[in-house]
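Letters A, B, C and D mark the chains in the order given here, with residues in each chain numbered from 1 onward.
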Amino acid sequence: MKNLNIGLIGYGFMGRAHSNAFRKVNNFFDLAHRPVLKAICARDGGKAKAFAERWGYESVETDWRKLIERADIDVIDIATPNNTHAEIALAAAKAGKMILCEKPLSMDGKEGVRMVQAVEKAGVPNMVWYNYRRVPAVTLAKQLIDEGRLGRIFHYRAKFLQDWTISKDLPQGGAGLWRLDVKAAGSGVTGDLLAHCIDTALWLNGGISSVSAMTETFIKERKHTLTGKVEKVGIDDACAFLARFGNGALATFESTRYARGHKALYTFEINGENASIAWDLHDLHRLQYFDHQDEGRLRGWRSVHITDGDHPYMKNWWVPGLQIGYEHTFIHQVADFLGGLESNKPAHPNFRDALETQWVCDAVLKSAKTGKWEKVPRRAGKQ
Amino acid sequence: MKNLNIGLIGYGFMGRAHSNAFRKVNNFFDLAHRPVLKAICARDGGKAKAFAERWGYESVETDWRKLIERADIDVIDIATPNNTHAEIALAAAKAGKMILCEKPLSMDGKEGVRMVQAVEKAGVPNMVWYNYRRVPAVTLAKQLIDEGRLGRIFHYRAKFLQDWTISKDLPQGGAGLWRLDVKAAGSGVTGDLLAHCIDTALWLNGGISSVSAMTETFIKERKHTLTGKVEKVGIDDACAFLARFGNGALATFESTRYARGHKALYTFEINGENASIAWDLHDLHRLQYFDHQDEGRLRGWRSVHITDGDHPYMKNWWVPGLQIGYEHTFIHQVADFLGGLESNKPAHPNFRDALETQWVCDAVLKSAKTGKWEKVPRRAGKQ
Amino acid sequence: MKNLNIGLIGYGFMGRAHSNAFRKVNNFFDLAHRPVLKAICARDGGKAKAFAERWGYESVETDWRKLIERADIDVIDIATPNNTHAEIALAAAKAGKMILCEKPLSMDGKEGVRMVQAVEKAGVPNMVWYNYRRVPAVTLAKQLIDEGRLGRIFHYRAKFLQDWTISKDLPQGGAGLWRLDVKAAGSGVTGDLLAHCIDTALWLNGGISSVSAMTETFIKERKHTLTGKVEKVGIDDACAFLARFGNGALATFESTRYARGHKALYTFEINGENASIAWDLHDLHRLQYFDHQDEGRLRGWRSVHITDGDHPYMKNWWVPGLQIGYEHTFIHQVADFLGGLESNKPAHPNFRDALETQWVCDAVLKSAKTGKWEKVPRRAGKQ
Amino acid sequence: MKNLNIGLIGYGFMGRAHSNAFRKVNNFFDLAHRPVLKAICARDGGKAKAFAERWGYESVETDWRKLIERADIDVIDIATPNNTHAEIALAAAKAGKMILCEKPLSMDGKEGVRMVQAVEKAGVPNMVWYNYRRVPAVTLAKQLIDEGRLGRIFHYRAKFLQDWTISKDLPQGGAGLWRLDVKAAGSGVTGDLLAHCIDTALWLNGGISSVSAMTETFIKERKHTLTGKVEKVGIDDACAFLARFGNGALATFESTRYARGHKALYTFEINGENASIAWDLHDLHRLQYFDHQDEGRLRGWRSVHITDGDHPYMKNWWVPGLQIGYEHTFIHQVADFLGGLESNKPAHPNFRDALETQWVCDAVLKSAKTGKWEKVPRRAGKQ
């Protein structure tokens, strides 16, 4: 068993999710590497220390540059706001560290290109935390599609609906709220939520060629926590777009934080000539599957409870009928990353994969401004 | 097209459901007979007349004996409270009329025997309105079982849950409330609701051999509408029983009018060695089907939308996706009754079939009193 | 009770649905008028006669112009392909007949304008069969919105998904297939299915100001039943569009006949500041309702079984828990039309209402060609 | 932070679930104690060592008596087959160790009494792993009931349905299969699955006074892994029983391993005068709630996604919409056990609570033999 020393930057929501994954992965997966919680880095030394104690990090840093300089760190894990990803990743690549980066990769495609170039030049293993690929039901969907079960794909539709920013009194910026601050986040729901939908879509259905989008900011001004002043809101509260995939499929995508009644309802549905698939994050342990080859009078959507040993990742957990949850997607991603190191078949999505999502986001935001269909600058083949 | 003159007794809820069926059946089904709404009979002449006008009955009677004497009546349809079924049916059989009788057939098995003997002696076509057999999803369940799809049956469970009598202020007896009056109804949920569950069960899974039951009357006294006095409640508000089928299956049955949140939730589920089936009346147009022969990782309960042309009865209605409702079960039953006259393969359940349900009800009520397992006096083979 | 003589043109699917409604409405609703099935008109005299016999029409016509000339006809009911609506309606209006017209009103907005002018000039009662407004759950949604329960509306999304034209072997045109023939239908899913979605949306959420659309014809050529030749397919197999409502809400609409696994899945969801509503045609007897005013820890989507006496139209049917189906929406529409005659408050949607839907369809089809956002020429206020 | 040294006996399924809970609890809950994985004990030293390495146990024992003798062990955690619980617990109590014992507590009530006496005489903290009480949705149900939301309770129904032993080829006994061996397990589904249902029921609805039960062994003989011979199967494959609670509620309970299509479908529903609650293990993150006080036309079952900060335990996990799974129930139980040590309000269910479940199981098994209603020897008040 080889130790792999982790240096985590950021102690927020994602810092917790990643730490939990590092701590648990070897209890449930047989791997040649073992993540070691070597250092946590955050500007607020007190909070970093408390986090270290809770999670068992061996040391604390308050300057990420120092963390990167440390010889005993193998992996830099970036769990900070979007506007800091590039600078950290460039430095970490230069230092020859493996890099795990929170999604979205970058503030835009241009910035992302530099990041891809940096990791590829440095030859360091790299991965982006688009965790929903590792929901077992979603991974099963990928397998079914790759096996050709669906046949020609006609339709793809995805939504990510939330309702937590409807109140006008919610400030922008500050702890836990940087997602509302366009300077830190780059965009609103597009980079935060649609990026997940797009990542999954590119993985399952190949590249997107063009889009027509609209965005809206329902609450135009909010108090900014850092300045204390009421300021214009720069993010998109909602975004919907039409898309055409390279394979000819039509698509609709939508995300909002104003869909009363939905907490984190990421859903997708794919309609193929022979079969269809649907999934949603609120019941992530189920896959809906319709197979046209079933006998006519008994055709129906099957609700498959993805908890069996022959479902992706599930033989490592409990027994049939006993569900896992959100946090396990991160554990799976670490397991695959570590497995990729061993097998020399790197896990995806890496920086290059995540850049494709960035290009789509860019085209979406541009289309929302121009009111026209926009081509996706470069588009991925099937990953 | 041969006319078949109907004489309906009773203008209540069931009088409406039957009349609607008689009026519509020839619009949707190709049949050699046409029901003609010849006469409606009820003690209250004014109400009978109003009903006749609304539904197009040609004449009105206020004495059912006179109706039975009429030469122009081919079919006597009994839609009156339970305690009147036997007397009317015996007279109608004697007069050589075909008889359609509301369920339950009789007040108890003993009374039912006389009714069966009367119609069989008279040789008149007879049928009991256990309408739920003709929900297309339920009929499909029957077909699947008869094809052997489920294999050996291990479990049967049925429930019929309502919540409309929870209020203490609800009186017993009187218009629309005779179901709470033990003299008119014979029993409470056992004869009213469990009788439906038992009829379906005998049809789908064969005879029941023994039962262990409990009953409860939650509200002990209610004002009686007819006497104006607070009187002891004689019916069972709730009844649950364990059962063993002749085929070795174990069963649980339950019914109550005190299940807050359920209006008319008749549900059943059957677990076989190879497949399972579930259905409920609140979504009567769906059948849940689980097939163990589906590929392992894609096994799941299929929600089949029973609206296709290859589903029972459905080619006579609309197009796939467009549901029918409660009232259509009566239309199907009339269609099958008329079809049975023509083909000389009488439709079921007839009086003899319905008597088996009566014997089970008797055993259930007896067991609730004795606190012991009771054998079902006679039990049906599969119908 | 005043008789209202109906002259129906067309004996297809819609001819059946309308006839059933005319025959049943007085059994269930208290009205001052009674529809009389006076005449059925179709070019094929034999089929018209058979239809008349099945449904009880008193006479048969093979030329709709003759039908319109008949003095004993009060109402012309147009249940023919879309490309015939205008000519018939113009003649019927001129003859002073009341007009019931199948949806969509016309081939396009321009044609629709002439129809509106004709009925308004003639002063004849007129209605278009957008039947889904009269699903009790949908009518309840309208009531809730009009009561202000939802507050400011942020999002509207509607879909109408089918899968019946995926086979390449399906011909275009001919009996039952004119919906695939652009000459008869005018468009594909846009006029056939999205028109329903748009009608409901305009009713519930007011006018649509602009749209961005895409359409696709997946199967480019099909054999034409009438010519016997393989011909280019002129209809849209699928159509999706983004929209902005006059009230500021964002919307997505989508329809296709290539969504494997869906028969007639019309769904809509509306997200307001205080509450959200969702409904789908496959379970038309349910309304999903989320109320943010519910206590926090007990907030959830309520599945309301729309079968109670205090639900729209339902006191006229059965008892709580017993569902009605598709055909009842037509009965409700006739009941409202007749009620409107009596009260002098005409039922909606009339021709003018339906014209607004036509303008939206026009803008959608135009946008799909131009690749740009298109304004809706005129837009309705809330109806 | 005070260390609490754990000595685990058994490395099977439950050994994993407990170990995971011990390892994670301090990452997510603020507690004064920290479980330390001090020793794992199992007869097979090699397997124990492998388990220790995977989970980080500091030492290995192969004789549980030695483990109990160790001064550095604070807590004995019993995760062995049922027939070993008593002997180990008695010894551990005598040695003054805190005891965590897998469910069911004992082979029967008589044995359980001795265990209760032992821990109470020794004054050692004790708890039984009826983990489902700590599903957040189930805990919320408890809170709602204790607040009086449901009013008078009329009905309780619970089921635990599985399908994993339908194959005749499955052997009894041996690794992972001791649950089929009556000598090791004591009973079949009654002690394994119904015990869970009964524990929850006693907690939520108070004591059970009497029961009428039936059991069945569908496969009468199976090969025994240990002897290599085909032997009579001694366990109950299925068990159903009627029950009356002390508060007057009627109940049905059922469990089987022959319900094709269900993996671990533990469900319960409670109907009260004012509200009803339903829950199932296959979607453990949801609670179904019906409130009769909701406005009439908007009454419906609410599907509450139990992932908010104001739901039991959930503020310690992720954000609204992100579900947790099966394993978290064990973490919650450890958190409550540790919290109980600190607050001197011991967590439940303790041995005494679990004994009540044993008495009900005894009565159920007895009734299945006598064919009569049996009283529960002693019954608990509400815990």
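Please note the rule applied: a residue touches a chain if its C-beta (ideal position, glycine included) is under 8 Å from a C-beta of that chain, and two chains touch if they have at least 3 such contacts.
Computed from a prediction, not measured in an experiment: that's the story for all the values here.
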{"item": "Those chains which touch chain D and also touch chain C", "value": "A, B"}
{"item": "Chain of greatest Cα-centre distance to chain D", "value": "C"}
{"item": "Chain A and chain B, separation of their C-alpha mean positions in angstrom", "value": "55"}
{"item": "Inter-centroid spacing, chain D versus chain A (mean Cα positions, whole Å)", "value": "36"}
{"item": "Approximate Å spacing (C-alpha centroids) for the pair chain B, chain D", "value": "42"}
{"item": "Overlap residues in chain D, where contacts from two or more other chains coincide", "value": "262, 299, 301, 305, 308"}
{"item": "Of chain B, residues touching chain D in the complex", "value": "154-155, 157, 161, 163, 166, 212-214, 216, 218, 238, 240-242, 244, 250, 252, 254, 256, 258-262, 271-276, 290, 292, 299, 301, 371-373"}
{"item": "Touching residues on chain A, where the partner in the complex is chain B", "value": "140, 144, 287, 289, 291, 294, 296-305, 308, 310-311"}
{"item": "Touching residues on chain D, where the partner in the complex is chain A", "value": "13, 16-17, 19-20, 23-24, 26-27, 54-55, 162, 164, 262-265, 281-285, 305, 307-308, 317-328"}
